[in-house]
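Multiple structures follow.
Two complexes, one shared chain (subunit A), two partners (subunit B, subunit C).
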Partner chain A sequence: MCIKSCRAKLQLYIEVKSEKDYNFMGHDLVLNIENLEVSFEVKDIPYFVLRSVNLELYTKQKIAIVGESGSGKTTLANSILLFNDKKITTYFGNINFYPIKKCDELTHQVIPIIFTEEIEKEDRTEFDIHTLDEKFMSHVRGFHISMIFQDPFTALNPVLRVGEQVGEVIKIHNQKLNKKEIYDKVIELFTLVHLPEPEVMYKKYPHQLSGGQIQRVCVATAIANRPEILIADEPTTALDASLKESILSLLSEMTEKFDTSLILITHDISIIKNYVDYIYILYAGEVLESGPTKQIFYNPLHPYTQFLFSCYVDKTKKGQKLPSLPYEIPDLSDQDFIFEKCIFLNRCQKKIKRCEEEKPEVYSVKGQKVKCFLYEK
Partner chain B sequence: MNKFLLEVKNIAKSYSIYSTLFQIEVAKKSVLRNISFSLDYNTSLGILGPSGCGKTTLVKIISKIEQPDSGEVLFEGKNINSYSKEEFATKIQMLFQNPYSMLNPKLSIEFLLKERIKQSFVLSNQEVNNKVLDSKINELLEIAMLPKNILNMYPHQLSGGQRQRVAILMVLSLYPKLVILDEPLSALDISLQAQMLNFFSELKEQFKVSYLFITHDKNLAEYFCDKILNIHEDGKYELR
Partner chain C sequence: MNKQLIFGSLIVILLCFIAILAPVISFHNPYEQNLSLRLKPPSLKHPFGTDELGKDVFSRMVYATRVSLSVGFISISIAIIIGTILGLISGYYGGTVDNIIMRLVDIMLCFPTFFLILLVIAFVKPNIYNIMIVIGLTSWPSLTRYVRAEVLKIKNLEFVLSAKLAGFSTARILFVHILPNVLVPVVVTFSLGIASAILTESALSFLGLGVQPPEPSWGNILTSGKDYIYIAWWLSLFPGLAIFITVVGFNLLGEGLRIYLSPKEK
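Moving on, here comes the complex of A and B:
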């Protein structure tokens, strides 16, 4: 009885707290993905890698996309920047981007000095990223939307000094700056990302830096032009566990300092608790659950999210067998399965007969969105 | 039978730092400072510590990849240097963080497993034929809950968890008494991590294997290990 009442109180607390905390509606929308479908055609067989993905990102908001290997996290990030192979990729749906920084649409040149001027709210226009040509996209990449890649060791050119590589990114988007100004900006960036002795670091080659230092250089490169959106694709996977926290807090610090929105892609849900505001749980190309971080952590709704949390170990579980589900990502070319049935059907332990007959819709439950029949009102 | 499976006595190790020009020794970096601990039969010891504290150096010394500056390592009461190479292979085996480093990309899984099983038979002076090999492979696949069709596949065609399982099967096919796990779960998804932990626990019961489990994750060490050796950056350590 006591536990029940405590749980009820906790529930109430979470709901009230999360409503107060989650107030991104007051901010402006920078990215709105509507019904995105991405398919790859390999040897004449279409693979439907992402299906009906909806995602909203506001200024200063930090979101996380969480999922296992093969769930489509990186494909989603690549779709935002059109990095997927054009020859085999087909897109449906919209990726609407609302730039805040000024730029000339026709000449692809930045008109005002960057870092300062913003477009007035009423003058903002919407771009569907998929309609933009490659020339414009090259302007968007690095200036409006930046990306940090999974493996920092392959992200940098091994034969160029790290300082020059960061300077190059600034130079491309700011043709008017001279060498001295660029050098000063790089040193300023290295100081911001807490690299020791920035002047010495400028002259070093990637192999002379540690994994954490290289990832800090990558963060400096990504924020060099103060983009509206920063996409971090598993920024901590290739690093030691002791460095993970420091890189995540650095990302969090940088996004707060520059009012940048963050999309953090990860397979490790445990490390993001203190760093993001909103979580999307992705499974085999579909968003199964989304909601404010605290609610997802304290009250996971979808059986898949519950399973992910139950896999975490600590000393209280010592001696117990951990829950395990067969590791099977569904065949993404099997249209009868992926469009007609619940995508989590094969691994779900709470499945009902209806899951095999039709696909669940997205149901709203107290601020969380969940794709499961168990929550149909 | 000796009281302890493994005894590490006052191990110290330092590396020389050379100048870029002329390769002159400019300094010595002390990595391990008189570390001593022991490991019982059928137990698991977690080794925790930040990067660069000497965890990998310690297990390299235990597995005879490197020699210590001072101190000795006893396995079942005998100094590890007194074992021949072949004998030692059946005593201690190591599973690396990246299973790719253990699997030859040009060879099929069947070939890789067969070679290891043949090696174990040769080491124990037993005769081996194809029938025995096949039954042994089937037995191993059952232990690891792997489908038979993976035998015809190559390492790059397997998922991360499957690769890690094949790697541990290669380690187990020699029936070692001690398995050193060097961050075996850090590259895996959370659901696969749970599966692998269950798998390691089952093997511990079934084959009476002891583990040295290197990890950064305190929660993981506390869940899986019976004892924890915490090495600090300054070389100090504590065993609990």
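Moving on, here comes the complex of A and C:
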């Protein structure tokens, strides 16, 4: 496998952390994103798609990244896998991944996926960005971190049998297994994701399956190698309302069973309440608020979060018009605006004069982290 | 199944049988000369008559089927391999690689292929193997375009992304995941390409630059026929018909396959 060829290069970055650094609330830290900045350069204009994003993920933790279209949810997920278009993307900041799989030689070492190093040069500090090389990354992808996509109808190859496609993912990371063992594993996975008649399913082609069944096959593919992190990029958007809940509960069941952590990306805050532990509210590339699910739901602090919940349809709002915000997401290439002022400024109904003069810091309020001057102590 | 497909495949299967069973079907030695039987019209003993050296035209044509089919199959196989691989690479990588390959295709398409082949044949020895190679090396560009277009269509679909995310190598993604999805234009081009390769070979042989006598070929039987066209019509008619039927057969097969394999017709 590719680990060996990459060993020499990786050694430069690896620092073994002491045991206590990992533990938090009895669980191990698996992913730590610090100050991540991602920018895309399109026709010589830089677009700052993500700015100072901090995120922590622990084993068995299920987090949701909520935001509207264009807020950078998918870019964040792709950054964890270094899957953004290489030619136009610039990274800054750190993404550290802590593999915990017992079967892997890399257990309890830090894999810095994106890693910024300070270099001091004649009185000034410069930064050097390292990213993991593609060869090593292809080992991490699918084996340590896997992803489920939005549209189930294009997620499987139309000309291959579904069982073979799942088997292929197992085979690529476990070269020693023979055909029979892989077949058994696939059948076992299909049973786990509650697909009816797994032996029959194995031989079917994607067009013979329903959307819900395909999404279950995708979940099976994603958990095939028992990854530490499962990223689900809007897994329910293309599905019927009745199927959404069942796919979400399947995902959450899988994370419990395999000690996997789940990153759920969604624009629909209403459906995730029972399935995640922690929520990040993303807006125009910044995390405006983060906190445990219950607190966010019962006591949203940031004006944007409050607005999101006011759009939540329920019985009490019968007959009323749902609120909408004026203006659109700010231009992400406008550096004066996005680095100097509050990003939510022009759409905020509770803005104060200070919002236009400087950028708010992140304030902690009873376990919630919120980026708004209203909560400055 | 449509009519074109059935009719086309019947002709092609028949031709293959004739080529394979050539020694059984032909009851004369195609190389045997008999000057006392020069230019005899069709009879029971010589169904398609004899040529200017007294050789049996029917036997020569049966053996020529072997030449035509093998030139068709082998030269188009060469073209398919080159065209598909370049198309896959061009479509998948994009950017500079794509530009270089596509400009190469443009250059190839600029030349009138037949004259390019004539030019090459002027320098190398005109025999059946060189003909196969030259036809193969000149008929890949249009296929490259087809394959590239198909690859562009599917390379951003999620199953390709998820294959990348599962850690598959680029070669595996290209040949296991993308190739089966672009096979339709390849299969159709294969059939249509054989027809045009057979035509090219006949034309070259007719000009005396292809298969050299005494080796039989429909093209060189036609050539010998043209000198005697007023007194021996059978020398021109039967090879002409054979070429016509073969080309129609392969074209019908290709067209039929295209209709059969396109999702809209299902």
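The rule is simple: the second predicted complex is superposed on the first by the 323 of 377 C-alpha atoms of A that agree within 3 Å, B and C clash if a C-alpha of one lies under 4 Å from a C-alpha of the other, contacts with A are read in each partner's own complex, and residues count from 1 in each chain.
One rule holds for everything that comes next: contacts are C-beta pairs under 8 Å (C-beta built on N, C-alpha and C of every residue); 3 or more make two chains touch, one makes a residue touch a chain.
Keep in mind it's a predicted model, so treat the numbers as computed, not measured.
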Item checked: Three-chain arrangement built on subunit A, subunit B and subunit C clash or fit -> fit
Note to self: Looking at A:His173 after the superposition, I want to know if it touches subunit B, subunit C, both of them or none. Which is it: first, second, both, neither?
What the structure shows: second
Note to self: Contacts for A:Ser52 in the overlay, against subunit B (first) and subunit C (second): which applies, first, second, both or neither?
What the structure shows: neither
Next item on the list: In the overlay, answer first, second, both or neither for which of subunit B and subunit C A:Thr237 touches.
Entry: first
Checklist line | subunit B versus subunit C as contact partner of A:Pro158, first or second or both or neither | finding: second
Item checked: Partner chain(s) touched by A:Phe149 [first = subunit B, second = subunit C, both, neither] -> second
Check: A:Lys315 contacts which: subunit B (first), subunit C (second), both, neither?
Finding: first
Next item on the list: Mind working out whether A:Asn346 is in touch with subunit B, subunit C, both or neither, as first, second, both or neither?
Entry: neither
Next item on the list: Report for A:Leu81: first if it touches subunit B alone, second if subunit C alone, otherwise both or neither.
Entry: second
Next item on the list: Quote the smallest CA-to-CA distance from subunit B to subunit C in the superposed model, rounded to whole Å.
Entry: 11
Next item on the list: Could you pull out which residues of subunit A sit against subunit B in one structure and against subunit C in the other?
Entry: none
Next item on the list: Flag every residue of subunit A that touches subunit B in the complex, lowest number first.
Entry: 68-69, 237, 240-243, 267-270, 307-308, 311-315, 317-318, 321-325, 327
Note to self: Quick check: in the complex, which residue numbers of subunit C touch subunit A?
What the structure shows: 157-159, 161-169, 172, 176-177, 180-181
Note to self: Which stretch or stretches of subunit B touch subunit A in the complex?
What the structure shows: 50-51, 159-161, 186-187, 189-195, 197-198, 201, 215-217, 219-220, 222-224
Checklist line | For the subunit A and subunit C complex, residues of the former touching the latter | finding: 81, 83, 138-143, 146-147, 149-151, 154-160, 168-169, 172-173, 218, 221
